[in-house]
Each structure stands twice: as structure tokens, then as C-alpha cells.
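As written, the chain order gives the labels A, B and C, with residue 1 at the start of each chain.
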Amino acid sequence: MRKAPIIREKQVTQWPEYDQLEDGLANYWYPAMRGRKLRGKVPMQILGESVLFVRDGGEVFALADRCLHRGTPMRFARRDFPGTLSCIYHGWCYDLKTGNLVAALTDGPDCPMVGKVSIKTYPVEERFGLIWIYMGEGTPPLLEEDVPEEFLDPRIVLCIRISEQDGNWRFAVENHFDDAHAQYLHRFSLYATFSRVPAYKRGSRVVRDGKWLEREQDSLHFAADYPGLGRWPKLRFWQKSYGIKVRVRMPGIGMVARKAHTAFKFHVPVNTDRFLFVQVITRQATGVRAWLFRLEYWLIHRWLYHVLFNNDDVLMTKYSHSGPENLFGPDISVTGWRKMCIEEVRTGQVAAE
Amino acid sequence: MRKAPIIREKQVTQWPEYDQLEDGLANYWYPAMRGRKLRGKVPMQILGESVLFVRDGGEVFALADRCLHRGTPMRFARRDFPGTLSCIYHGWCYDLKTGNLVAALTDGPDCPMVGKVSIKTYPVEERFGLIWIYMGEGTPPLLEEDVPEEFLDPRIVLCIRISEQDGNWRFAVENHFDDAHAQYLHRFSLYATFSRVPAYKRGSRVVRDGKWLEREQDSLHFAADYPGLGRWPKLRFWQKSYGIKVRVRMPGIGMVARKAHTAFKFHVPVNTDRFLFVQVITRQATGVRAWLFRLEYWLIHRWLYHVLFNNDDVLMTKYSHSGPENLFGPDISVTGWRKMCIEEVRTGQVAAE
Amino acid sequence: MRKAPIIREKQVTQWPEYDQLEDGLANYWYPAMRGRKLRGKVPMQILGESVLFVRDGGEVFALADRCLHRGTPMRFARRDFPGTLSCIYHGWCYDLKTGNLVAALTDGPDCPMVGKVSIKTYPVEERFGLIWIYMGEGTPPLLEEDVPEEFLDPRIVLCIRISEQDGNWRFAVENHFDDAHAQYLHRFSLYATFSRVPAYKRGSRVVRDGKWLEREQDSLHFAADYPGLGRWPKLRFWQKSYGIKVRVRMPGIGMVARKAHTAFKFHVPVNTDRFLFVQVITRQATGVRAWLFRLEYWLIHRWLYHVLFNNDDVLMTKYSHSGPENLFGPDISVTGWRKMCIEEVRTGQVAAE
């Protein structure tokens, strides 16, 4: 029998100011891909724009994936001279750094268009094994402004998984910081087999710590008698409660600090309905201990956490949020993020200063 | 060589009042699936709505497939307590019978939302081996009002095929009651090999019999000389004329009574462009004769009638009815159905009385 | 890593009068398929209309692919009488030549619709191994008016490839006549291995020759020093410059005359975003030399020219032309074609005269 497919409607909240940010926040640095994945040219869509990443002579560049002449995708371009790219259609040749048209090969050495037009280029940086792009207005801020400070520690080991997911970026961020979903959705994850997950909390609140917003509570409760229903949940003797610290910051970076490692999640808007999910698990380690951590990542965290555990989140991000919402107590974590997002979003003016 | 695909436009008639009913008639009982297909949860789309059918403790329930909290599909829900369903995202737990929120597990036993909100539920009944749903306004009528009375005979044997088809439901009903198509389209069916199909009829009319509209005529004509063309069709000595009785009733139930068995067809709108085609062949029989009839169904009627013969209709329902129509003589059967549909459609007021 | 798909937007120029012709030019003859491909019925979409080509008794006909009665596609029709086609749904029987309804078989020999309605038919001709259709207004011009006069030579041999391609027809025509793309895009084609392709030209212009527009120039330049970049391109000793003559005429027929053969290209609009690409390579030859030319075609030109070489053009036609354009010197060939197209397009009035 044919099951009905899930009908997805436009994802909205009841916060119009927040919904206006659905296309993504332009004036921030975002990670786009692992550095080692960029050989030659890689076209991507970020914040709704078609961007072509190029590695030339070891350096990384990013430019609009559309030639100024006839709109031909620059992903088809050829490299005739170092530091340039020539559109495949008629040989319009651009400088990768400035975007300036430096020749139109099929119009000879004295083509009058040369020096008059420039293709759009984007500031990029290659750091921490990732390629970062700034697609906003004006002069970009320092990359360090938009990267968790833990990344700056030279002893940090980063284990990365990047995937493209359905759903609007802001619901992926909400899902990360959402308090209650961890207590129900993730309770059934293989990754939580040995964790005693609270049933509910009391005195939940969000507090500010530097650029981060953090969840706190007065008490955790692991089981209760629900009127008319009975006791929930069943407690297992092999499960133990682990303290974790969950945070979020602009432009939608999530953080989960555990004793053994800290996880970061970047949500990079591809367009209104898709996002790049950049997951990073980190730990301070050097030498053999760094390699052991990498081994542990590939044996355990990669599959149980970066794939299975987060796939539950991905399903919620994709299929929830159609139709009206009814927020309740634990949603102060969600509304805390929404408020920060509306109030602190970096505007073009600030970025240009 | 690539053949051009058929271009499907919006299916319309020249009867605006009739076209307004394209989304389906809400205030009726419809068969949704075979009872034995429902184990656990089955999501369906009916009359444009996403409905989740649930079997819990032997009983059947139907509710909206979207949690009130964040719009998460309830098809992902878990069963923590008998007679309830808990949304997978945050454990909002609904009573299956009333739809009332009986707990929000992740907000503890004293969650203030409890008792304040209710998910939409639909009246359902499991009868005649089928699960029936009422998606209309107010108190539903008795199921018996919307079921052919033949179904109520305890000796009746029902052989069922359910498929989902393209095309608007009202053209599937028209096709059923349409007089002339049986004389041309179905003439070439394997199922009609031994039937002498009339070329044309004279004195065609539709008459009323209780809830049913029935086709009648003064005379059948099996061949004729067509001016400028020649004699049509060729008569085969092995073919014999069989009398059949063709009927239609609200909300689009078809009936074809033959000597050996009676066929019923339900056309359940999935959305504007799809319908659930519930075909039932029936006969009064008990004991061994009932099993022989089932055997005959699986050996003959299943494939020749429910699949092959009706696939021709399905093709017409899907691909015809784009662009203007030019109705002619035999189409009084079609217009008869259209008039009944417009005049007798059960409104919310009547259903609620 | 998932590469971003190319985002295709509506293809436009900065010439509004030219963009109005995007749906195609109606009042011309177009080749639709090879004659030998038409056995029975072949449905096609041309100029946005659904057309059914029919071969009956050796003759070729074309009619609308939609019955007047209920809009059923005529591609499902049956042939009950010579020179007619009967719609599969209710046996409405049309004369293939006139389109007149000559019988509605299921309404008997005296059906009052007969003689009152006619399905749309189109003038067709089978010539030069191709089936041609005129979908415009009024009496069609002579087919010879819309066919290159080379086709009329009885000694001509035609080698044909027909494919359906993405992109608007007018950009395919532009691409054909475009001067500069041959000097860059095609430079890298296998078919150009032994050709010394110019880097740029001087004194480029378009001149008129009868119905044709032709590209001319004062001088060809094979390499140059580009300021700040260096010398381009590398010259290969095994390459030789071959003179070719490139032309275009209404309604978008391209011609490339080489010493050994002449290529023609017809661009038949399927709809706004697709076109039928009819490529013909011709040569005057008879007897054994004609067969040797056909052999050469299948061994060389078919794959290197009609498939590989032109696939580069097809890619440009499909993916360029989104967003604003910046025309430059060599684009006088493109603007020459645009002007001819706007000024000389055959209107309904002229066609009907």
C-alpha cells in the first residue's frame, strides 16, 4: 500500500521579524568546505548565490559562477594564465584576486572591455582545515570574530563532517538549542544508550556568556508519575547522567561541551530550503593522543553522533515547522535564540565600519 | 526518437458549479483502506488533508498528521501509554479517542498545556473489511447512509482492490456512468471478448431509483452503415449480448450489476489531482460457494476486470478533460450525474443536524 | 561532495522586441522528423502545440493531439476506416485531410454532431527525407521558400541527425552565427584537432546575400601578446587554417560551408525552453561517391561533428543567457541576426496573402 508522502509547506514561525531572516544572515563568515576538497574548481550555492571556489597556485579564490558577457557558468572555465580564469564560451579572462577582466582573448590584445568590468569576487580564507567565505557587504570583519575561540588553540584537533540537508537553516539552529527535544527525540538514539536522559527540568533559563547563549536549569528530573497515564520513563540501571553544556551564538553556531570532547555545528544557508551542515568534534590533544582521538572519532562519533544521532535532528528540521506553532515551557531556549538572532544580527552598516 | 509527453492542463468542464466540487465532497463517509492493512500507523492524504490512521488495542483511530507544538508529522510518533500517541520531537502525548493533549512528557507531570489543546481527530469505523472515515463538519451521518445497502446483507462476499490513480475524482465518476465509452473504449478489452457490445443506443435516459441514478434506453443497435465510411463494427459469432445495469450515487459511488456479480466503485479524492480507486466485486454466497467466488475473483476478475479493464478508464480519467468539451447525445448520462452532484451534495448544515 | 547544480533562470537579452519572439516564429515551414520514422502515429510538441503526425496509406497528415469531445489525446486513437482516425474514448471519427468529424460511432449513423465540428489539422509535406509542417496562420508559403536552395539540387546527399535540446531556440541560432565562440569554445574540440583556429579577427562585419546573412572580416590573427598575461594561443605545427563560410537566415536556419561539405542546422522551437535540433550535412554526389560520403559521415562527421562538437554548443545554449549580457566587438554577428529576426519575421498578414 502506498503511504502518503509528507506534505511540506513553507516553514514559518509566529515571529515575523525572525521569519524575515529566512534567507540567511549575509554579513558573517561561513565555512563552505574542507580545504583538501578544493582542487581546481568547486561550484556551490551559498546564501542563494552561485559561487565558484577556485584553487590556483595553492591560493584559494571565490567568484560569481556567471560570466559577465553572456551569463555562462564560470565552472566550465579554463585556466590559460596563472591567477586567471577564462570563460569557456568566448575566452573572457578574469583576474582571480580582483575579478577584473584582464583580457577577452577572442577580441585580441586591445579589446576595449578590458579594465572596464569586474566579476564579483568574495573574501575567502583557508583556516582550521576549512575554507571560509564572507558574502556580506563592505569590508569583512576578522575571521576570528565569527569562529569559536576554541578553534584558535594550536593544540585543538578537529574532526569534521559536512553534509547538505533539507529545511531552513534557522530551524536547524533552533533544533540544536532546543531543550526538550534532547529529552525525548534523542532518548532513543544508539548514542544515548548509556546516558540517563532527564524526563524534564525545572527552573530552565538561558544565560549569556560572551558571544554565547547557554541553557541552564535548577534541577533535572529523571522520571515522574503522569496523571492518568502512569510512570515515565523506565529507568535502566546501566544508564548514567552526564552533564553537558549546550550553547548557541551568531550566526547560528551550536556548541555541545561534553567532558571528553566539544562539538560545534555550523548551519550555512544554501538557499531558503537547504543548509550546509558543518559538524566539528574537537578536543585539545597533541601527538599520539591526537591520533587516538581521530581514531575514536572514526570508530564511534562519526557514525553514532555525526550520522545517526544528528539524522534525527535533520528529519525534524526538514519535516516540522509547517503550520502554526504552540510554544510551551521548555521553548524558552528556542525563543532565547530567536531574540538574540533578531537583536544582534550584524547589519551592512556595522560590517562596513 | 523521443515522443512528446502528454501535456496535462487543469481538468475542467463547462459547468462552474460542478467544477467547484473538484476538491471532493467533505460530508460523506469514505473507505480509506482494507482493515487488515492497518497495523500500527498508516499516513494517508484524503480530501487534501494529511490523516494518520492508527490501530491501538484492536481499535481504529484517525487524527491529523501534524503535532500542535511544532508541526511534526505524527507518523513518527511513539506509543508510550495505551490509547495515546506521543510526538517524536518533544513527547506531546495525545489521547487517540478525543485528541486531547494528556501530557507533554518533557515538561513534567504538571505541564500547563495539558487539557488546553486538542489535535484534530476524525470519526472512523471498521466495517465490511474496510476502514471508513468521515472528514466532514458536525456529527457524521450513520455509515449505512453512505454505503450501498447490498453491503448490509450478511451473506455478501466482497472482493476488493484499492489503487491510487491520477486525475480528478469527478472525471473518474463520470467515466464510470458514461454511456458511450463502454461501446468504444471497452469494446477492445480482453474482458469483453465474449460480449456483444452495442454500437449505439436509442432513447437513452437516466432514471432515479432511491439513492441511485440508472441508465436506461429504448433499444440497442449492434451495427450500422455509417454514411461515407461503411459498416461498423464487425460482428463476431462467438459474442453474446449481456444485460448490465449501470448506476451511480452520491458521493460518487458506481455500480455495475451483472447476472453473476455486482461491482461497486468508490472514488475517494486524495487531492484535486488524485483519487483512491476502491473497487469491490460482490455476490451473495456462503460456505463453499463463497470460497469458489473468491477463487473466481482471483483467477479472472482481479486481472481482467479490476486491473486491465479499469486501467483503460484510468488512462482516460488522467489524460482527458483538458481544454473545452463538446458534449453529445450519449452524454446525458454524464450530465445526469453532474446535476445530481450539484443538487444533492450534502452540506455542512445538513450533516450537522 | 555535492556540487551545486547550475541554477537556470529565464533566458533573456536586453532586446525586448527580440525577446517577444521567444515562443518561436509561427509562419514558417519547419522540419519535424525523418520521413522513415513516421509509421502509424507520432505525437510531438512544436511551437508549444501538441501535434499528432499520422501516416495513413502512405500519405502524411498532422492534427491536434486532442479530441474535440472530451479532450482525449488522439495519440490513443484507432483506425476504423481508411483516411480517418477514431478517438479511443467514444469513437469520434475524424477525416485526416480536412479534420471534419465524419462519424461519432457510438451515437449511430445519424449523429447530429457530424459535419458540424472539425479538429485542427496542419499543412505537412514529405520532402528531402524529412516531414515538414506549417503551423502558422493562413495559406502557407511554398515549402521551397523556407528551405535552403541547395536542398533542391537532385544530386544532393543529406546526412541527418535530429535531437531535442534544452534552451531557447533563439540562443541556439545566436550560438550558431556567433563569431567569437568558434575561436575559443570550439578550439578545444576533437573535430578541430587539425584546424588552425584564429585567435581574433579585425574588420568583422555581417553582409547580406539573398536570404542569408554572412560573416566577413578583413583579417584573421592566429596569436598575439596579451598585455600583462603573455602570448596566446600556442600554435601547433600540424594545424592548418581552413576557410569556412558561416551564414544564417530566417527562421533560424544555420549554414556552415566547408570545402568538402556544407552543414545546415534547423532550430525548431518545441516550447519556450526546448528546441528540436535538426542537423544536416550535405554534399553534391551521386552513385558510389554518394555512398562514400555517407560512409564518411557515419565514420567521422556523425560523432565528431553532429554529436561531440555540437554538444559544446548545446551546453552553452542551455546554461548561458541567464542574467544581464555585456555584448562586445565580435558580437556584431549576434546583433546582426537579432536585427534580421526582428525586422524580417513573417507575420500572419504576409503569410496569408
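Simple rule for what comes next: contacts are C-beta pairs under 8 Å (C-beta built on N, C-alpha and C of every residue); 3 or more make two chains touch, one makes a residue touch a chain.
From a predicted model like this one, the values you see are computed outputs, not experimental measurements.
Engineer: Starting at chain A, how many touching-chain steps does it take at least to reach chain C?
Structural biologist: The fewest touching-chain steps linking chain A to chain C number 1.
Engineer: If more than half of the interface residue numbers appear on both sides, call it same; otherwise different. Which is it for chain B and chain C?
Structural biologist: Interface between chain B and chain C is built from largely different residues.
Engineer: Could you put a whole-Å number on the gap between the CA centroids of chain B and chain C?
Structural biologist: Comparing mean C-alpha positions, chain C is 47 Å from chain B.
Engineer: Hey, what residues on chain B touch two or more of the other chains?
Structural biologist: none
Engineer: Can you check the complex and tell me which residues of chain C touch chain B?
Structural biologist: That would be residues 33, 37, 42-45, 50, 65-73, 75-76, 78, 80-81, 84, 86, 88-91, 93, 102-109, 111-113, 117, 162, 164, 270 of chain C.
Engineer: Help me check something: in the complex, which residues belonging to chain C touch chain A?
Structural biologist: 1-4, 6-7, 178, 180-181, 183-185, 188, 199-200, 202, 221, 224-230, 232-233, 315-316, 319-330
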